[in-house]
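As written, the chains take the letters A, B and C, and residue 1 is the first residue of each chain.
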Amino acid sequence: MRTDSILRIEELRVEYRSRELRQPARVAVRGLNLEVAAGEVFGFLGPNGAGKTTTINVLLGFVPPTSGAAYLFGVDVRRPIARQRIGYLPEQTYYYRFLSAEELLRFYGRLFQLAGGELDRRVVAALRLVDLEPVRRRPLRTYSKGMLQRIGLAQALINDPDLLILDEPTSGLDPVGRMKVREIIQRLKHEGKTVFFSSHELGEVETVCDRVGILCGGELKAAGRVTDLVREHQANLEQVFLRLIGYTPALPPAEGGVPGVGGAAAEIRR
Amino acid sequence: MSKVWALAGLVVWELYRRKDFYVLFVLTALITVLMGSAGLLHGVRAVRYVEELCLLLIWISALVIAVTTTARQLPAEREHRTLFPLLAKPVTRTEVILGKALGCWVATGLCLVVFYLFFGLVSAVREQAWPLASSLQALWLHWWMLAVVVAMSLLGSLLFATPAANATVQFLVAGGILLVGRHLNTVALGLPEPGQTLIYGLYFAIPHLELFDVRDLIVHDWAPVPWWACAAATLYAAAYAAAFLVLAAVTFRRQPLQ
Amino acid sequence: MRTPLLVMVFLLTFCFSLVTWLKPALARHLPDTARAESLLGTALGDSRRLFATHCFFKADRYLHSGFYPTLFDDRTLLAEKHLAGPHDDHDDAADNPAHRRQAQPTPDAELGYGFLGPPRDWLDRLGRYFFPSRHTHLEGKAEAGELVPWLRVAAALDPHRIETYLVTAYWLRRHLEQPEAALQILREGWRANPESYEILFELGRSFEEDRQDPVRARNLYELSLRKWEKRQDGVREADSQTYALLVAHLARLAEQEGRSAEAIGYFERLEKVSPDPARIRERLDELRRSR
């Protein structure tokens, strides 16, 4: 066990009980072990339904583990104090639409017991970081999706967290929005923050992450440095990912197939 | 406690930004002014019917504001998924319940102050007098009555499927208690066993919201309630509000978020 | 999809037919169904009577400064004694049309806790500090005016409730010194209830006492008497008090105008219904002697 690990998951198992008595419980995560060290950017990959969001929900205390445990900064995630030094950006950003960006950040700041000049300073800094200072007084209901995603990042940073948990932070954004979010993550990495984020964007993960974990059917299929994984499997990250999750591409409709499709499938099979 | 106040501030801010209160206040003012100037009187001077009408509208409006504001708090947080970023902060579910309850209570209290200022204005204009002690006492008791309603509605919002269902049940319960709560003991005494014990038990179990209704004392120029009785009623309301909030906190902690 | 639609159409047709069949039948059985002249009246329908009754009792509640029994309380103590009139002004109470059917006044001491009875438990005891729980009455001209709005609304909601006009006129005449307003109310009542002998009698009294117009008063009393006589036996027996008052007023007017034979005729009728026939007999003897 690494001593400097900020996030630690041990033998985590999460089951969702069915409301119908005869239906068996659905296992969302089974026997997950994971560690993220301080200053690392960790990419949590997996297809839809792999258990990524469930794992994040356990880390945030939303879902209790069926068995096993998870720790943030060495504190059990079931204790609210474990969330004192983290920032969280949900997959889809939903905030109080009657508030402005500044009011929202002030509200979240007060939940971290920030007040007075310190709160003012943090609000201004967070707004500057996400380039929303000029529109700080506009109600959130007038914001575009990209702006909302950025205010989401700002709220996640209001307490100057040591660990950022981002659930698909670029989902649904246009290329410019995606680029901005990526830049912000890079800046945080340079500031020495630990970032744990789930994503479908393999290119983005490849660019930003130090390490990745690939989850499928609630089980961790692989974890390690991107370069190590690529070297080990003799393929790029996308191919490694598809191979690990057991994806078998459909055969081309006819010999030769549609130009390009058959070639890609053949490449993956190889 | 600062987290609870932060959560409460958000509820007050929400009510300030929404239209509910303004609509109800304008309606109350409009109906009171219209009824006050209606030609019913053949030159006879009458004040009390306007005061009674004004207070009735204030009671209805305050109940509507308290129930609808509280009933939508937690369901809206779930529906808009704002609950997730909120609970990702170092905030316990009990603090969320307390913050929401405090916010709704303070917000309805602020509305009450505006309403009772209007009532004072109506009394001053028509009666050339303002029974300050009675009005303050009425405001205080009314506010504590709403503390119980807010706590009940918050608990209801965790038990009922939709805010509309919760609000309907809360209106029925509060209305029922206000109308017949005081008489349940009389009804019980006229019943054979086991009905008598059951109804008498219910009489002691329900929060007697009608205790806080001193409208008749104000309208008919009675002296204020003795202060010890006022304090006893306050304690009574605080105890019921606390009990409902504890139940709400326990329920919320046991509920899955998804 | 088609079957529920057909069922709906059938049910709607059935309901419509039933209403067209029932409505005239209902109108035949309830000839005095509250007729609405306003949109609000139409919307409220026959429930207007309920609201009118509520407003009428509200006026009585105001008379007692909010101390009033609810459905759950023992109403007999208060209702026998206090229906919209002062209880301690005995002369007035006798005059107040609303008091004519009332029993002898009960002294306050007999009421004790009033209709509330003694407190049954600690909650009941505490609760009594928060609503009017002592028997009292409005006093003075200014306060008496507080009753009028509710009575006016009651009359507007149910124009066929005769008691409302009588009580309103009583308060306007006796306590608020507004005889012209009382006259106006009574005229409104008469227009809505042309067969009401009670309203005609009150109108007569207004003309006699306030306008000092004995001729019009006599005409109104006589018309009232004719209307009373036209009533069915049951109703007449139930309201022999109004008859006695009518005949007494007619007798007194006839006596004042020097029409002794007519006065004797009325006194003879009064003797049969008066609770104190000996006194009437004495009066008759005097009249006969003076002729």
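Just so it is clear, a contact is a pair of C-beta atoms (placed from the backbone, for glycine too) under 8 Å apart; a residue touches a chain by one contact, two chains touch by 3 or more.
Computed from a predicted model, the values in this text were never measured in an experiment.
Touch-path distance (fewest steps) from subunit A to subunit C is 2. Chain B has its Cα centroid nearest to the centroid of all protein Cα atoms in the structure. When you average the Cα atoms of each chain and compare centres, the chain farthest from subunit C turns out to be A.
Remark: subunit A and subunit C have CA centroids separated by 79 Å (rounded to whole angstrom).
Our note on geometry: subunit A versus subunit B, Cα centroid distance of 43 Å, whole angstroms. Per-chain CA centroids place subunit B at a distance of 39 Å from subunit C. Shown for subunit B are the residues that touch two or more other chains, of which there are none.
Subunit B contributes residues 40-49, 141, 180, 182-183, 185-187, 189, 203-204, 208, 210-214, 216-217, 219-222, 225-226, 229, 232-233 to its touches with subunit C in the complex.
Here subunit C touches subunit B in the complex through residues 62, 65-66, 70-73, 120-121, 123-124, 126-127, 129-132, 142, 145-146, 148-150, 152-153, 172, 176, 178, 181, 184-185, going by the rule given at the top. Within the complex formed with subunit A, the subunit B residues making contact are 2-3, 5-7, 9-10, 13-14, 17-18, 80-82, 84-92, 256-258. By the touch rule above, subunit A contacts subunit B in their complex via residues 57, 60-63, 80-84, 86, 88, 90, 92, 94-99, 103, 107-108, 110-113, 115, 152, 155, 165.
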